[in-house]
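Labels for the chains are A, B, C and D, by order of writing; each one numbers its residues from 1.
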Amino acid sequence: MSRQQIKVAVVGGTGYTGVECLRLLVNHPNVELVAVTSRAEAGQAVSALYPNLRGHLDLAFTEPKVEALAAADVVFFATPNGTAMKMAPALLEAGVRVIDLAADFRIKDVALWQQWYGMEHACPELLDEAVYGLPEVNREATRTARLVANPGCYPTAVQLGFLPLIEEDLASIDHLIADVKSGVSGAGRQANVGTLLCEATESMRAYAVAGHRHLPEVKQGLAIAAGGETGLTFVPHLAPMIRGIHATLYANVSDQTVDLQALFEQRYQNEPFVDLLPEGVLPETRSVKGSNMCRISVVRPQGGDVVVVLSVIDNLVKGAAGQAIHNMNIMFGLDECAGLNAVGLMP
Amino acid sequence: MSRQQIKVAVVGGTGYTGVECLRLLVNHPNVELVAVTSRAEAGQAVSALYPNLRGHLDLAFTEPKVEALAAADVVFFATPNGTAMKMAPALLEAGVRVIDLAADFRIKDVALWQQWYGMEHACPELLDEAVYGLPEVNREATRTARLVANPGCYPTAVQLGFLPLIEEDLASIDHLIADVKSGVSGAGRQANVGTLLCEATESMRAYAVAGHRHLPEVKQGLAIAAGGETGLTFVPHLAPMIRGIHATLYANVSDQTVDLQALFEQRYQNEPFVDLLPEGVLPETRSVKGSNMCRISVVRPQGGDVVVVLSVIDNLVKGAAGQAIHNMNIMFGLDECAGLNAVGLMP
Amino acid sequence: MSRQQIKVAVVGGTGYTGVECLRLLVNHPNVELVAVTSRAEAGQAVSALYPNLRGHLDLAFTEPKVEALAAADVVFFATPNGTAMKMAPALLEAGVRVIDLAADFRIKDVALWQQWYGMEHACPELLDEAVYGLPEVNREATRTARLVANPGCYPTAVQLGFLPLIEEDLASIDHLIADVKSGVSGAGRQANVGTLLCEATESMRAYAVAGHRHLPEVKQGLAIAAGGETGLTFVPHLAPMIRGIHATLYANVSDQTVDLQALFEQRYQNEPFVDLLPEGVLPETRSVKGSNMCRISVVRPQGGDVVVVLSVIDNLVKGAAGQAIHNMNIMFGLDECAGLNAVGLMP
Amino acid sequence: MSRQQIKVAVVGGTGYTGVECLRLLVNHPNVELVAVTSRAEAGQAVSALYPNLRGHLDLAFTEPKVEALAAADVVFFATPNGTAMKMAPALLEAGVRVIDLAADFRIKDVALWQQWYGMEHACPELLDEAVYGLPEVNREATRTARLVANPGCYPTAVQLGFLPLIEEDLASIDHLIADVKSGVSGAGRQANVGTLLCEATESMRAYAVAGHRHLPEVKQGLAIAAGGETGLTFVPHLAPMIRGIHATLYANVSDQTVDLQALFEQRYQNEPFVDLLPEGVLPETRSVKGSNMCRISVVRPQGGDVVVVLSVIDNLVKGAAGQAIHNMNIMFGLDECAGLNAVGLMP
């Protein structure tokens, strides 16, 4: 009996999200990597740019052309916003499935998307069909999806933390707070003064407090769970580390009788990549470094009305490449955990 | 005309708070260091333990004895909680002024203190007299104080951020949230697995979510400003860096007409160590590294009801040693900024 | 056809070397973990101490008892120096193979060992039999070994860098210099002031310049290759990072005609875990983070007499747990790379 | 009696060297900052770019024009290589003294300079007059210098470590090795992928092994001390930290009778910014973070022929801005330590 093999192409393999896809895909038992594209690096060996891949991947970067990509069963877009939407229609037409790790297909409301992303959408007709690939919410729809919008890193951590409270209608949804700390890799591999080691290490700062692009994405997800608009304050911070997101979530839960620990455990008991920690144990981002796990704790300080949920992920794995592979596994009927068994690198 | 000289002793000079006092005091124009004590290191040169002080300080550690300390004009206690309260009565009796950088005299309610600190208070009769040394609140009382309780690092950052809103009765005080990130030096210099580099770097985690000792201290300060109890949720986090506190504060402010920027600017316009950033500029902890400044921004995201205040300090300076020296300057009628002019080390 | 399964026990599973063995072993296709011991933590779930292992390992720590360990096919000792030598004789007697990740069996000269390690050796009669487990040198002997002395982290990086020069008699062996930089995890997980984040981050320092325990180990290996004593100066440094060793090696090579790049490539062409970088490309430790690879470059600056070899490994993998598993794979006739395919975590 | 006041201008105030000059100059008791220039940022407040300077400096960046700069007593050039040489002649003509923190005037041999820096020198006629501003060597010449070439960071650490051996003719000068580790700030504030936090933290790597621009500068200094050419191998490394240089120097010293500790102590006994550590104590870069000190240890491992010298500085202070101010103090007859008393920031 031969093992199922999927032909995979990665468009935009030079950024951190792209190389993380490659790191995971080269050891995936059901994957054959057929192309890694980069306009800027076409012709160069991928492992010359990322020496960690030496001995694991022999491909050179190629130009991103639909004809060539059509040989794949699925194409991952690890590109800047606005790229996937230009190539997705032709690829879908050619029978190739598409997973976009950027934001092109995440927001259903095209006007809202255009407002936050500052460009016109190239294929709004696909937004309805696109499945928002948070497996813990949309697993069934993903099985048959042609086009998956892989969630953002912040939205993954925040939604997984809030959902159990909101689905059960326990939280005051008009006053939710998400204080989120991210490692610097979330800002990508662009040369940029603000993310130089000398600017970003040994310091903490908030940014985009007035409004971050992930806000409408989170609000869309919470609104679906709540059955109506939520009032969310979302403050992202840059933490002096490479990987990791730590979401600290605050919600008013006046019902004092509910067993929050049991509620969260039940919600995620069958989820391979959400790990509810025992009562009293708090998560740290390093426990998921390099792994696809989301670890969550829920606390009600001093038995008051405010519930605090702590949710940690590796922004490049569960917040990007790992979740994309999880979606691929679901789309192709593979073992959901295939290629995603790595243990967090600790220490 | 000779310059006023103050004789200063530091009790507990081996911890991070103690050495930070020394770092600042050796260059203070009005200070003569007369003793640095440490039971464990008595006899050893201070600069053998802290080579950065080589050439700046020639003292050896001595045993902490009241008779010897009585030669000082003021004694700084940079000791664990529970030490200052044992020696302060005798020192005050001897006419020496006392600044405690630990928590012994911060909480007015002795029962509350004993509950959170898990020991009996040795001199509850001094609690009334002790001045809580947040200069931006208690400058006048500090001028004549014999005994100053230097605020904790978290309480300094949190109170300075909330006070303008609460003093003006603008915030819903039953639902305040303080999400605070601290560098690891706040945990002290004790050998401890949790603060090893390999455990604490490249990671973020919350701790003491169920209740941290600084909670009653902050609540006491806010209650005085509010004229009544506040409902505060306080979640401290360990950030992978040495120094710095970043407090992200959330308050409901339904009054949409108030000019928050003007309000904060006015509140702190005469304060030498609070710097309100221009509208739209957000603080980073590194801008205050090694300096006594607190930098604050205030934002109302999307014009909603929730106001976000960002407040950063160096936990060892404005959150400990620098504020203690500021208090000393006030107590002895010196220039408030004497010895505290250092610019933040950036990069 | 069923896959070969090896029963493995890890003695001393609480330190960084031990948990790294566990991280790699839980995903090894031919391994069944049967015991993880720790006197101090006996009874506690392993994953309670190392939450990255939650969902990957269900064992609790047990007491290290020979009777129980005898059920394993091979026992890894990830213990302090002096532990394995006390249990190894009984285990070997019971037919169990032993891999010691500490130093007990690395030095053939028992007097030299006792001088550097400051204790009496418990079973000097086993020193001859013990195979020094540097696969690139002793692969054949390892196949049939009952007892393997897994090399130290510094010795692995230094020997792999020097060997091609010394085996070919190209270097002046009386004047070799190894300037080596290590991440802090090499110091272990003991609570220790010197390795606190606040002491070790944002700083570089040398240590043990007068003499480090890995010096005689390296000299023994070089002497075997050289056919005589070498004069080696070895200076270890602590670098502000968790993982990684960067060895910078200096040797006088007067023969200007030798093609060093070809020499090194040839020496390691069949080695799965030594990667000679192309001419002009220099290694960085992060390219091997979490992986078992050693990456090497060789340079002759300005065409002079001094040759510089750069050799990087992850001290916990190729410098400890990964190399131990490589040795196990060899000992049991498994695919040498089994369980060791992980790509370096970059970024 | 009024205190002497020097009018100082800083050309190129946006880089790390420039802002470090500003950080130190704003608190210098004898300095009035009259201009800070930056073509790119002209018109913007300096403190808008460097918020640590808020409250300390009220200047805005101006265009670098000779007429304006001529109002200063001394101009610091904290510019890229090739800038100072274009403006220095006119400034000197106008009676202004010049301190160049870049490399334009460091190398006496103009052909050699042009070879390593890849441009034509604009005023080779000034090279003879320029004083190489290593105060421990050229203090007397600096007193009357119009033009000072401030040494590079690596050359400062390396020369101070080697000089006592070479001046006394103790080392084999044909075979010197300098293995040097630098913090990332040495690479400047340019947006650059290689110095992003995600590329440079948690990693060590060597660079420019084939030849670094500081090599001819060090060799020039050593040749003067030795009275002839030296054979130096110089390997710089990037360490994952902001500030600090750790030079590990190796020299053959066959004379076993010389008391190296005494020799080094004597050489630097009157130097305010070189601190020879007691025998057996090794330096760490953090002990000089933010300070102008160079700390040195000398060790002869196992009493052999190879002597190891460890020399640490803060690359931005003793390796750049602090040394420039030290030179200014000497040039203007001020207290040599004026403005340079800061204690290293530890922790």
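Just so it is clear, a residue touches a chain if its C-beta (ideal position, glycine included) is under 8 Å from a C-beta of that chain, and two chains touch if they have at least 3 such contacts.
The structure presented is a predicted model; accordingly, all values stated were derived computationally and were not measured.
Taking C-D and A-D together, the pair of chains sharing more C-beta contacts is C-D.
Most remote chain with respect to subunit B, judged by CA-atom centres, is C. Taking the mean of the C-alpha atoms as each chain's centre, subunit B and subunit D sit 36 Å apart.
One finds 46 Å separating the Cα centroids of subunit A and subunit D. Spacing of subunit C relative to subunit D, judged by their CA centroids, is 39 angstrom.
Multi-chain contact residues of subunit B (touching two or more other chains): 16, 185, 189, 198-199, 201-202, 240-243, 283-284, 286, 289, 347. Every residue of subunit A that touches subunit C in the complex is listed here, in rising order: 16, 19, 23, 26-27, 50-56, 185, 189, 202, 242-243, 275, 277, 281, 283-284, 286-291, 293, 295, 316, 341-347.
Across the complex, subunit D meets subunit A through its residues 16, 184-185, 189-193, 195-202, 240-242. The part of subunit D that touches subunit C in the complex is made up of residues 175, 177, 179, 181, 183, 198-199, 201-207, 209-211, 231, 233-235, 237, 239-244, 246, 248, 250, 252, 280, 282-286, 289, 297, 299, 301-302, 304-306, 308, 310, 312, 347.
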